[in-house]
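These are the structures, in structure tokens.
Here subunit A shows up in two complexes: once beside subunit B, once beside subunit C.
After this line comes the complex of A and B, so read on.
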């Protein structure tokens, strides 16, 4: 077996391309996670964002409008999630799972009933403008073209890292999840911060959806997030809600996905498609085992 | 307790009515006449003997999947992975059903059934142990394991276990004729399996509502610490709930293949488990409620396929209506609590004043 067929520039590119979906969704998820809410519903927000981006871009003929549509839909869904969880104290998991089913059903319904197409969105007239590609020359015989959203996601990671750990808002956000009462005692409303967390969660998931339908692929397909939202939640748990660590976890996921694709000559493609999901579960098991060992060691010391 | 139940029934009725109203608004917004849509739906659910058969079968299917969700949830684990457990049960039993075709059905069928429930239960055991021992969130693991199971089965049905029969794309060998279940109404999905589904459902309902084991599971699901403090094996009870849930899904996988498909096909299920899961969520995991309301949602679901073919309104509308009902009921609970809190606060202010 030739290792260079698996580890090459193409794999690296695919790693970043796939990881960006999870990175953007993960950034959203960690905003709500910081505020003490586990947002299982990000998978649905991504699907809805992807649909809004594809339709917006097709309707207006501009990718920027598409991205704005996705962000708007993400914001709306984030608000909705915030109202359900913060105001009405609904169970996060029930709302999240129902939310994902709702988003997939709604987008599929509109696609089939309004646009009279099933499977994927292929308008008869006009075209879906995709995000611009950046050409970075060639390396090792492979042309390096990356979607604009890939570097944007890196900038966002840096910005969020500063926002979360260097600004009062970030600290309040964290406190609203960890110590809501102490936040209240300094005159800040934990509810407001939780709303901020869920709205930002929707915003980033919308961006992730826009990248899905305008960057990673160039159209919307039914149920297109393919459980990557859940992978993002796993990455956030793995990265302990820290943007940089979540980024690394997402890269690991992207690498398993890309390497699996390269191994299709060796292993059946239907099996390699399952690799990233197996990898994600193993990642969570590894983290949990390590945490448990740490706890035991601590108990032994005292 | 009694008024509590009436309040719940009232809120359920209002939520369902609002859900259907929102469904009508969506139809109107997309340029269809809601009356046309709903009458096509009714015709599809009860229009002929065949559609009655399909509706009744869907009722039983929702019943077993809904109860499978409920059992695990009552014991404290939210099983979103029934779809994967169903696939594994289906492929394991179908494989044996083809290999054991020469044996007497009295031996072969129980073996197949055992294979189905064991593979379903085993696949549910993994996330259950991860949840109980390592505190790994079960919603994420079960949903990812759905994808893994479906890819695995698709690999098996296209690779090692692929049938040599011509004209079958991705499926295993045909199950022995003597092992298949007969249809009760020709042309419809209603088959002899409904007796088995009914028996399993009643058994599970009895276990959950009338036995100490069921009571202990409920206790564990509501307060795991408390259940440990009074000396119960909370971990085993939680895992047990998941095992029963997985076994039920595995059994349904076998019924689907042995009655309707006559072999394992990769597309035998169109997310059947999620339909039942939604019913269970709407009924707040009450076993009796799930059994009773399965008929209503079964009719909606089956009617929707006819609605789709005759009015071009996509049957996904039913999923939208169901999730809206869940949102409404979740919001209503919180809304009433807020109103009550407000009232209590005003009363205390008045007393103090």
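After this line comes the complex of A and C, so read on.
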């Protein structure tokens, strides 16, 4: 087996391309997580966002409108999630699962009844404008083209890192999750921060969806998130809701995914398709072991 | 007399089904330490929550510094210089001391949180008030006493000159309590602050307050100068009858058979860390052995290991001479053991079930409650429950009431009634009167003493030193999973014993070696 066929520039490129889906969804998830709400529903938000982006882009002929549609749909889901969880104290898990089921069903339904297509969205007239590609020249014989959303996601990571740890609002967002009464007792509303968390969660998941259908691929396909939302949740837990750590976890996932794709010629493709998910499980096992070690170290210290 | 700084005027608070504050009129003057005492549920915290804007009164007015409060909210209270240290701290554990102190009103540079300035603010506060804390420490890593300081500094930072302390000593060691009182005296004398302290520990009222207000069933039943009253007068005002401080009758003719024997027991906590590290003890019939310690030093794990609720790592536990190794809780109970668990709500009762079911459970497969263990005789259960209900003076609408709706004291009576009516020779009792009012506390104490006098062997764990002193024949101190001393309660003072509860005794041993 030739290792260079697996570890090459193309793999690196694929790593970033795949990771960006998880990064954007992970940023959304961690905003909600920071505010103390486990948002398992990000997968559904991504699916809905992807559909809205594809339709919006096709209808208007502008990728920007597509992205805005995705963001709008994401915000709608985020608001609904916030109202249900914060105001009506619904179970976060149930709302999340409902989102995931609902989004897949709704997008498939509209695709089949309104656009009379099944499987994926291929309009007879017009075209789905995708996100612009940035050409960064060639490296090792491979042309480096990346979607605009890839560097945008990196900028967002930096912005969120600053927002969470360097601004009072970020501090309040975290306080509203870890100890809401502490925030309430100083006259700030933890509910407002939780709303902010859920709305931002929807926004980033919408972006992730837009990248899925306008960047990673160039159309919408049914159930196109392929449970990557759950992977993002795992990355957020793995990265302890810290944007930079979540980014690194997402890169690890992206790499496993990309390497798996490269190995499709060598191993049964159904097996390589399982790589990212097996990788996620291994990450969780590692996390559990790390926590155990930490506790032991603490005990030895005292 | 100066103008009152806080004035409650015919203030009432009606919750659904409960009149928590009933026409309370109370003046508090600047620069005084005012103690508010009363049983659990008397309405002290409700009244103070109104002042802090957490509750909006349903009747009457509240005036602060001459201005009536119109919009009740914590931010309004903060604006008027009111600070409140809650019983459960309002601190974010993963944040630093500085972050917590400035939370909600952070110093900023542009849109950013100004960390350097926050640390500087803390240092200035420490210098000004003499409350030593380290700005960089994470709150989760510091002691409860220090966390309380952080809370106080947090209110001072916001310019509070009226400080409300809700049960501030409940979580403190005696030394930490002394330190807190030092702080209170200093801020009152040097910074002319007004301090309102909610408590039910009367000796603390005597030690720290200038005036004291007594609440009972939502009403303010009296306000006195502290120097004009004593603990006995206050306690009778609180409950309406004289209950506190009466010595319990002890009948000593125990047969000195060892009923509980623990040998070199090692137990781990939920995280797998050692919690009990080699404890040996014996309890004879007709005696109460009290375990004194700050919570979290292995008491819970010890009790769970003895009663079979937790796996033992090593060591032996003998109940009535039988080794309980490998037995489940039911088998251990069958040896003649009953257990009043520390957390009544999670392990002591079934909150949704009614009083009858909670009293009968454990006996339900016996006669007369069932035949062949299949059919329950409701009539017999009800008759039994009614009898116990009366005997233990459980205050509720009836035996069909869901236990979850009872007050803490009555819920605890249900647990005690059920466990004591097994008539076992061995009783393991944890925190029997935590969060229970004085009336119920005294009643439960009498029941425990009656069991002792009837030759039961009783192992008692409590965070309340007064309770341990009142009931125990012998006391052992526990610290970090080890016993650090054994005492006769009449031979050792509370200050001295608390020294052993915080590991002091062991330190000296180490030095001696």
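Heads up, the rule we're going with is that the second predicted complex is superposed on the first by the 300 of 302 C-alpha atoms of A that agree within 3 Å, B and C clash if a C-alpha of one lies under 4 Å from a C-alpha of the other, contacts with A are read in each partner's own complex, and residues count from 1 in each chain.
Simple rule for what comes next: contacts are C-beta pairs under 8 Å (C-beta built on N, C-alpha and C of every residue); 3 or more make two chains touch, one makes a residue touch a chain.
As the structure is a prediction and not an experimental result, all values here were calculated from the model.
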item: Partner with the higher number of touched subunit A residues, subunit C or subunit B; value: B
item: Which of subunit B and subunit C A:185 touches, first, second, both or neither; value: second
item: Which of subunit B and subunit C A:166 touches, first, second, both or neither; value: second
item: Subunit B versus subunit C as contact partner of A:268, first or second or both or neither; value: first
item: Which of subunit B and subunit C A:288 touches, first, second, both or neither; value: first
item: Touched partner set for A:231, first subunit B, second subunit C, both or neither; value: first
item: First (subunit B), second (subunit C), both or neither touched by A:277; value: first
item: Partner chain in contact with A:94 - subunit B first, subunit C second, else both or neither; value: first
item: Of all residues in subunit B, those that touch subunit A in their complex; value: 26, 30, 32, 78, 80, 130, 134-137, 139-141, 143-148, 151-152, 154-155, 158-159, 274, 277-278, 281, 312-314, 316-317, 319-320, 322-324, 326-327, 330-331, 333-335, 337-338
item: Touching residues on subunit A, where the partner in the complex is subunit C; value: 162, 166-168, 170-172, 174-175, 178-179, 181-188, 295-296, 299
item: Interface residues, subunit C side, partner subunit A - complex; value: 73-75, 78, 84, 86, 88-95, 99-100, 103-106, 108, 111-113, 154, 158, 271-274
item: Contact set on subunit A toward subunit B in their complex; value: 38, 40, 83-84, 87-91, 93-99, 101-102, 104-106, 108-110, 112-114, 116, 226-227, 230-231, 233-234, 237, 268, 270-271, 273-274, 277-278, 280-281, 284-285, 288-289, 292
